[in-house]
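Alright, structures below, take your time with them.
What follows is chain A paired twice: with chain B in the first complex and chain C in the second.
Moving on, here comes the complex of A and B:
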């Protein structure tokens, strides 16, 4: 008996319907959903870290205007629910942006569901990263900074070579928490029709009518995905350990 | 040997899989004893189940649910459902029956009991802007098509015509996405599309239902599998037969301004002749 037949039998005989194993159509949807979740997670993580770094840099700068703007951004995105941000971008902002005209003469938005999901998730996690990096930067002793400057480093050089590496290491565990949260938040993209893991699972369970089985499969998949991520990051944290300090 | 965590995980899995088959009581007796029946209806499917300006759920299917409650002499509780959750609501016992534009398909019959005779029928079509110039289902190949999660034909349209279905939780979201140009068409029941277009709402003036309706399926009242051959199922079956025989469904169709359905005429003739 092949694996496919075994799982068909499991459904026919015991009513345990794991259609993602025996049905090629459901399997493909599930795999695509998983890859989309990975894509959303990786791209949003990268962008949110860039946003966090730029924001933290601006907060430490001299321009009051830029400081105020950054604080405003952080407060707006930290204090509103991410689902509402996503729906706001997709349903309220998108229609007002210029679109492209397709072959059918329809005006189609330049940024689709996937694009908005990435933008929205990056901004949300980015706002939190600004705060994480800021607290990391503040934890670097001012004596260290002054020492670098007295050696002739410019502000940017001191930041790049002395302050940032220390601050990044200090921020790492808080950053990891936020990134784990970001992976989980990608499920919100379901609401705007982005075919990520939850969307694919919902499509499968509402057609194959196997809600309980898919719930378990989804739970296990996220558990493994996040366990994989934290496993890698634990190694990174160990590799970047700073002897003589607590971190 | 399993770790402690592993044991708990296995227990959780077994427990979850074992749930959901616990409800076996006779629903008719339960409903009469409680003096209340809970019906799952749509609230985004004009004019079968929708919200009136005061926020009440009204429509043709709501009238049917009211009629059932009246015949039983019990109070009616309306629970709004969507395609993706209605069958779970029923099997979990949140509602006693589904009257929510649910097509009777062989896959669904494995999970819920379908009451015969079915009370309505619809087929699949698309709502599309006239400028899209759709003529055949194959025009959808490789195009993005909006849909609603849990509709049984999403999969068929995806497999047969290689359309790229982008499905949303509810009808309003999907329509909004269609208007925003996220997709070239909205695939749904032809009955809904027809009544949307015939309402003469200016926002749909440039839209049409350009294809030949496909895959007609009757709509049935859904009950728990244990009930379909029990007293509750028999009662509903007799009620539905009477609706057809007396022309009640045709009257309701007229009341709600729905384009007359050949299915109802055929069923009326069949049962009136008996």
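Moving on, here comes the complex of A and C:
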């Protein structure tokens, strides 16, 4: 008996319907959903880290205007529900943008659901990353930066070779928490019809009528996805460990 | 003073005043340090000793006067601070090593990053410097794995790697226990004997007396008295110097 037959039998004999294993159509939808979740997670993580770094840099800068703008951004995105942010971008901002004309001559939105999900998730997680990196930078003793400057480092060199590597290590555990949260938050993209894991699973269970099974599959998939991320980050943390310190 | 071993003036300080807000920390400071000279600055806490070192290294700007380091005016708004800092090394009380790098990397980083020297050549020099401070077997250790005295000697090697003309020592043994203190003092003594120009802010009176060519006594932001250690420690001219030494000796 092949695996496919085994799972068909599981359904026929016991009513446990794991259609994503034996049904090629459901399987493909599920795999695509998983890959979309992966894409949303990885791209949003990368962008949110860039946003966090730029924001933390601006907060430490001299321009009052930029500092104020950054603080406003952080407060706005940290203190409103991410689902509303996403809906706001998709339904309130998107219609005001000029459309693009496709090869068939139709006007389509310049940024689609996937694009808005990435933008929205990146800004949400990025706002939290600004705070995470800022507190990391503040935790680097000024004497350490001064030691670098006394050795002739420029401010930028001191930042790159001394302050940032230390701040990053200090920030790492808070950053990981936020990134795990971001992976889980990608499910919100369901609300604007992005075919990620939750969306694909919902499509499967409403046709194959296997809600309970798909719920368990989804939970297990997220558990494994986040376990994978945590596993990688544990290795990074080990590699960056500074012997003889708590960090 | 062993005038025979002293060279040309390398640091010339004239009429320096330094304020923090309304508080004057240094006033009318004059000091000349010659190549190869060992200068010790002593005095009560809060008398501005450490601030003076920070001014020489352009870590703290001065409000009045002039500091010439090897002919470069430190009190110049257009000053290239890096140019001064490459001539003047500083070793801090709290070592301030980079905790994410090994002892060897700590010594190598600045020459490679700042002076853009060839890492292989720098590594050979860094290993020689670690040997000089008797830490060749700790090259791969991280600062967190070293004792205070070992960290301080790495900090001295790190400073030496930049080939400075002068090294400033800011109470470098103040945070150390008596045993490790000795290791660091031995290292500084050797440096001074090798002809390195050294300015030390210190509370180690016996050590100052032994290695200094010139001792400056500061109190309340002014230089009260200066001279060879024989004068300062045995025949102080100023009653404030005498009162201070009576307290600490």
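Annotations
Rule of thumb we're sticking to: the second predicted complex is superposed on the first by the 242 of 247 C-alpha atoms of A that agree within 3 Å, B and C clash if a C-alpha of one lies under 4 Å from a C-alpha of the other, contacts with A are read in each partner's own complex, and residues count from 1 in each chain.
Following the convention adopted for this analysis, a contact is a pair of C-beta atoms (placed from the backbone, for glycine too) under 8 Å apart; a residue touches a chain by one contact, two chains touch by 3 or more.
Source: prediction; values computed, not measured.
Taken together through their common chain A, the two structures put chain B and chain C side by side without a clash. In the superposition on chain A, A:154 contacts chain C only, with no contact to chain B.
In the superposition on chain A, A:78 contacts neither chain B nor chain C. Looking at the shared chain after the overlay, A:99 reaches chain B, while chain C stays out of its contact range. Of the two partner chains placed around the shared chain by superposition, chain C is the only one that A:165 touches, whereas chain B remains out of contact.
A count of residues in chain A touched by chain B and by chain C gives the higher number to B. Superposition on the common chain A brings chain B within a closest Cα-Cα distance of 37 Å of chain C.
Comparing which residues of chain A touch chain B with which touch chain C, the overlap is empty. By the touch rule above, chain C contacts chain A in their complex via residues 57, 59, 81-82, 85-86, 89-90, 92, 94, 96-100, 109-110, 113-115, 141-146, 158-159, 162. Residues 16, 25, 91, 94-95, 99, 102, 104-109, 112-113, 191-193, 195, 199, 202-203, 205-209, 211-213, 215-216 of chain A touch chain B in their complex. Residues 13, 16-17, 19-20, 83-84, 87-88, 107-108, 110-111, 129, 131-133, 146, 149-150, 152, 154-155, 159, 166-169, 173, 176-177, 180-182, 184 of chain B are the ones touching chain A in the complex. Interface residues of chain A facing chain C in the complex, by the touch rule stated above, are 141, 143-144, 146-154, 157, 161-162, 165-166, 169, 240, 242-245, 247.
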